[in-house]
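Note that the chains take the letters A, B, C and D in the order they are written out, and that residue 1 is the start of every chain.
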Amino acid sequence: MDFSSFLLMRQEILLLAITLLLILTEIFIPQNKKSSIVHLAIFLFGIHTIVGFFAIEEGNIFGGMFHTNDLVHFFKNVLNIGVLILLLQSADWLQEKIVIHNRGTEFFVLMFASLLGMYFMISAGDFLMFYLGLELSTLPIAALAAYETTKRISSEAGIKLILSAALASGVSLFGISMLYATTGSIYFNDITEVITATNLSILGLILFFAGLAFKISLVPFHFWTADVYEGAPISIASYLSVISKGAAVFILMILLFTVLKPLMFIWENLVYVIAIATMFIGNLFALRQQNMKRFLAFSSIAQAGFILLGFIIGNQLGAATVVYFVLIYVFSNLAAFGVVQAISLETGKENINDYEGLYRTNPKLSLVMMLALFSLAGIPPVAGFFGKFFLFIAAASEGYYILVFIAVVNVTISLYYYLLVVRAMFLRKSDNPIPFFKNKLYMRLGLIITVLGILILGLYNPIYDYIFELSGNL
Amino acid sequence: MIEGISIYEILTLTSILFFIGVYGFITRKNLISILISVELILNASVVNFVVINKYLYPDMLQGVFFSIFIIAVAAAETALAISIIINLYRQISSVEVKDIETMKY
Amino acid sequence: MDILSLFITVPIITILALVFTKGLKQARIVSMVGGVIQLIMAINLVFAYFKEKAVNDAIMVFTRDVVWYEHFNIHYSIGVDGVSVALLLLTAIVVLAGVFISWKMNDLPKEFFISLIVLSIGVYGFFISIDLFTLFVFFEIAVIPMYLLIGIWGTGPKEYSAMKLTLMLMGASAVLLVGILGIYFNSNADGGALTFNILEIAQVNIPFEVQKIFFPLVFIGFAVISALFPFHTWSPDGHASAPTAVSMLHAGVLMKLGGYGVFRVAMYLLPEGALHWSWFFIILAVIGVIYGAFAALKQTDLKYINAYSSVSHLGLVLFALLMLNKTSWNGAILQSLSHGFMTALFFALIGMIYSRTQTRDIYKLGGLLKVIPFISVIYVIVGLASLGLPGLSGFVAEMNIFVGAFQHEDMFYRVSTIIVVSAIVVTAVYILRAAGIMLMGPVKNEAYLNLPKVTWYEKTGILLLLIPIVGMGVAPLWLSDMILESLQPFIQAVL
Amino acid sequence: MDFSYTILIPLIPLAVFLLLGIFNQKIKPAVSGYIGVFGLLTSAIISFYAAYQYFFVSSKVDGVYQTFVEKTVWMNFTDTLRIDMGILIDPISVMMLIVVSVVSLMVHIYSRGYMKDDDGYTKFFAFLSLFTFSMYGLVLATNLFQIYIFWELVGVSSYLLIGYYYTKPSAVAAAKKAFIVTRFADLGFLIGILIMGYYTGTFDFEALNNPEGSAILNWASTSFMGLSAITWALILIFIGGAGKSAMLPFHIWLPDAMEGPTPVSALIHAATMVVAGIYLVARLFPMFYFVEEGFALNIVAYVGAISSLFAAIIAITQTDIKRVLAFSTMSQLGYMMMSLGVSGYDGHEGVGYMASMFHLFTHAMFKALLFLGAGSVIHAVHSNYLKDMGGLRKYMPITNITFLIAALAIAGMPPFAGFWSKDEILVAAFEHNQLIYYVGVLVAGLTAFYMFRIYFGIFWGKDKTYEHTPKESPFSMTFPLLVLALLSIVGGFIPFSEFVSADKAGFVAHLNYPLAAIAVGIGLTGIILAWVFYKKENNLADKWANAFGTFYKWSYHKFYFDEVYLFITKKILFKRVAAPIAWFDKKVVDGTMEGIGNKTVLASEKIKGMQSGRVQDYAFAFIGGVVVLAIVFIYLWTNN
């Protein structure tokens, strides 16, 4: 066989190479130069991200276990950008808290490993590859969640994550085994042809769906989310809420839209019910959160509920709107987490009422935060509005007006708690506000990129058009 | 193919195994035993794969391979879980579930 | 850059300029310059409109259409007719007056003016866009700054009011969104592509079943912002807590979006739905008119009095719109304009009184006519305008509404008209009550005997608003004819 | 022949108003006084010129006075309905021009003395000019809407002038009352206009009044509750008129309006504005007469008669001389209404119409005179109350004489002006409606009585001891008195019937001697009674008062009308309507919105237990969710 076909896996290989390179440097780099590992990692990953933009032609290898196309490739790029921003934002934290304990490299290695897992997951061609990708993407995160070994809640978060994840993967494996039983194959293409709606296949679908719903943190599979976000280091929380959720959404979309298309009349109702539950539960819990990380956790749950509006119609339009929304969501949520990260790193404060009077001391940060929150709430002219509006259009295009109505009601509820944060930052005056501080270069870079994304993605239409075309070859 | 034992009995067994695992997960007080219950769940599906492969689609070995991979991953999972539990034990010298409820609501 | 997009770009440029200003002095100068430019543009637009209309008899003139999201057939598409021209003029004037009134805004001046101008961008955009999507976008852009404006610079229970206002308005816009989607997905009822373009949808006859479902959504979505009973409760608290300039913009301009939207979208695109539901909403509007007037009768806080009077006056606007005939629609638009100028001026005056006496309770005030004659006299004049005295703007509008509404054969419309007409008495009562207690009588409080005199910028703000009130009242012909003419195609579409 | 120059008549006062109003602070008082008077003088001259031209230089075409209209569009409603602004010249409008000009000019001159030491001097003249402008506009109106516009404007200027002493709470209250009561009546007017406009398709007086016009001929084509819609419109319009002219039950504002400065009372609440109601009915007289056989006209007649009697009775017992005059005004207005009500249309039939206009004319003169006289008295003794007056004839002779003349005129003593007009009214009443005739006669007697009651009370009776002795008013005040006295004497000799008549043709009116004799006799009785009671200080009056007892009390309390109104407004409208609505708004409407929000927050509080923090509960939820979904989608919701 000719090895050129391996070029389809260029991204994976490159990432793996970077990871190994980092391990080697870890071995050979002198103790006093350790801090430079961060710069190196970010630099390398930056290169990787840029290289990612070169096109990769469509194709399958390993007998269809691994397959990629423009959409998948584009999505990998989205993940890359997300991770890059995230690394930029957490660079300072790594420098100050991790590297000095001489544990910088593991962080990158684990994170890149998990990213690699997601690559495999989203370009999986059969359930085995999918399962391996899933696990590879989950386990390192569990390790990272428990990364601050001195903190108790960190370990708690790790345990909760790993146990729930194990349960989820167990359940979803059980489901996969049932699908296997009904179809006699674990290859997506074969399954699509033969699968029919028998009780067993439906049960399999639901069990399997639960496994992914766990990663997207849909109700009622979401309970781990808030606790893990709160306990884990912020960069991990934001990684969970953005990257891993995004990847899971993407693969779930692919599976439902293509592989399990024949069961659509089942899963559209499933999605319908879960979407409503998720939006309401997420919003209602977010209403009363004090800790910013928990707050963002529940807000991200609610957002997942909105994403399902694009799922429910199961066609190109739906796919386009979902991917578009996820893209915007990546930027918005990273911006929010970035601000939280910066403030918590500077002052260790993570509660909403610590933010009171923030605007008067740190106007720039609070403006970024406000943009991010407005984008999450879906206020024009920032990108989030367009993302949501298009999701609603998608749902309405198949006549799900009731669902859209429930969704907009939830938008209003969500606006309430987003405004609570805005209130704290802008309206309130505090007697001991967070003092003014200047961000380091990396953090500033990370925030600027997100802000640009938030502002541009909505108003600049070609991006959506491009995504829409890509969604054609789902 | 085991003589005299149809696939249904085995599937029933695995289902029972699965739910034993679930039951254990929900009721055990000790993190380690919860971990063990998770293993039961995984094993249930492992057996599933093998049996389905053997009884229904004997001409290809997808199920079998899948089960091998599952076992491997499960091992990794357990190792990671154990290590985190140990780390927790270092801090609070306990592996009780009730002690990891500080974050709630 | 076409003449209309300037209304978006000039404010944006103003904002960019504001970003680089330091302190109150620069900020207010910059925003004043911006405001003046906008006003000039608006006045110029009126003349340009007449010139254009002479040669071009399209429904909308100065149209411009740029494809934005082609998969959804979303365009950035703008254009004006007489109605929007008039309302743009209103906006420009009120914004400039608002800048003058907040001349001494010491707390975070830059941010204040920026949010103010963002709001105005939303309003301008709303009035010029003929694409439902952009319309909606601008609608929300106009609403959101209110939260900051009230929350940061407001008085009293500002956080509560701001949150209430924002949530109720955004909730309304959420309902509206569903309605708009409904229209959009039925805009291909007789073949052709889905479209957001109002003019194109108007050519389509959307099936009655659909109209029946979506008209209420669209109507309520818009009507909430013009304080339709029983969704008006955001407005009294909002007004009461808002800083002066914001109350002005809010009551003067923002609440007009509702009427305009109802007229432009609900009535024009869903006429059958309108006919089907009009009875119900007419009842609500009539209740609103009477109810608002009586509620105003009992208030003691000046701002509440005006808030409720706004409920009553805008109820009149909705009522007139629901009457579905040219004269009353003309009245509705005129009422929007006149109410815009009036209430803006009212709130400006209240702000001045408050800034001098630190109270808005009419029972604490008294005999102001003696101590601050200029402000008080203007207050009386505006009061007379708002109770519909001939020679001032209110009369012109109300007469159009009444005469128009009375042209209906059906007894139901007649009776509701007469009920509404009777509101003019109650209006007179609460206006004169307030004036009598607050301005006349002996001076209650010794401290008020030497209040600061009215300053030049206050005078400018006042005159800016007073001149249109008198102008409309004395010579309404050109304005009402301009609007009537533009209403022609719409009324034809409806009937 | 062209009368378009008459547009100047209203415009000059308007210009004066704007001038004085805008440069209020800049102009020094004396100057503003001159400006006002001069402006009025020019208007007056123009009006007299117009009258001369109209009546004498011929605008008659074969014996009928023509109507001249000059108008321009002000606003378009529909293709047919629109508001015009313009001037309409016909006998009554010209007559009114004269009345307004004369009285207003006199009052302007008078005010220069009366208001001399008042700090709001300029403002006062500005308001006077505003009022005069509006009144001219009302008189010259060409259509219902124009008249309504100026109707409102005179209303507001009256509001401003009544509330002129705005630091006095009573004045403020009175002004408010006047405006709101008339506003309430105007509501009827407006609805009437709407109905009229809808059914006749026009607001134009010419079109409406044309006896052969469609408006009048087709009245029967529409009906509502047993009457023609047009009739309803007329009745509603008459309600508007009743409001301005203080007919029952809208009269309550007029007495309180006396809070205003006396010249104002003279100008607005005696001579000009209050007759607007009569003018309105006269303006639409053909409609009133022809539509539904004058059904509406009868209502006018009875309302007029009752009001006039009612007011006369109250006037007897009042002690504030201005209020006495106010009620006498109301009574006289009732007289005019009554006379319109009993009028026919063409030729001598229309004597009631003519008489009413005639009485309007003469009454304007002598009632203005009475008020100005009263004003100069008040000016002298600084009180409105009879008890503070007496024996003033020695101190202020001119006032005394002029007041006497006016009193005789209103009492209908020959040869004073009032005699002639009143006589014609009684003739008309006698010919058309006996009952109303007797009411008229009775009122004539009462009038004479209460007039001379206050006359004697002021100028005779026993001397009071004044802290500073009252002295005759300055010339600027006495001059108008003399002029008006002269007019009150000669005014009656104008051959009015040849100028003004319902059919505009004019006719020759003859004195009806028996009726005249009766009227004079009654009048004399009244005067003599007053003489007996009040000439010398004695307790006869009190005796009689006690004799009447409750009746006296009722009359003294104006039959408790104010109390009733107060009850309705304060108790019903404020307490029973406005307050509940305000409460409802706060609690129910707002409460619901609040409730939605609070419930949401509460719900989030309730369900927080789900997030227990136990990983096992999470697992349970996980598995539970899976099981439930499985059951639902396998057994319940299989839509294939």
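Keep this in mind: contacts are C-beta pairs under 8 Å (C-beta built on N, C-alpha and C of every residue); 3 or more make two chains touch, one makes a residue touch a chain.
These numbers come from a predicted model, not from an experiment.
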Between A-B and B-D, more contacting C-beta pairs sit at A-B
Averaging C-alpha coordinates per chain, one finds the centres of subunit A and subunit B separated by a number of Å equal to 27
With centres defined as the mean C-alpha position, give me the subunit B-subunit D separation in Å. 97
Would you kindly tell me how far, in whole Å, the mean C-alpha position of subunit C lies from that of subunit A? 43
Centroid spacing, where centroids are CA-atom means, of subunit B and subunit C in whole angstrom: 65
Which subunit D residues touch at least two other chains? 597, 608, 611, 613, 615, 619, 623
Going through subunit A residue by residue, note those that touch at least 2 other chains and give them in order. 159-160, 163, 167, 171, 226-227, 416
Hunt down the residues of subunit C that sit against at least two other chains at once, touch-wise. 167
If we use the touch criterion from the header, which chain pairs count as touching? A-B, A-C, A-D, B-D, C-D
Subunit D contacts subunit A in the complex at 597, 600-601, 603-605, 607-608, 610-611, 613, 615, 617-619, 621-626, 629-630, 632-634, 637-640
How about subunit A: which of its residues touch subunit D in the complex? 159-160, 163-164, 167-168, 171, 197, 199, 202-203, 206-207, 210, 214, 219-221, 223-224, 226-227, 265-266, 269-270, 273, 281, 284-285, 287-288, 413, 416
In the complex, go through subunit B and note every residue touching subunit D. 22, 25-28, 34, 97-98, 100-105
Subunit B residues within the subunit A interface of the complex: 18, 21, 25, 31, 34-35, 38, 41-42, 44-45, 48-49, 52-53, 56-57, 60, 62-63, 65-66, 69-70, 73, 76-77, 80-81, 84-85, 87-88, 90-92, 100, 102-104
Subunit D contacts subunit B in the complex at 608-609, 611-616, 619-620, 623
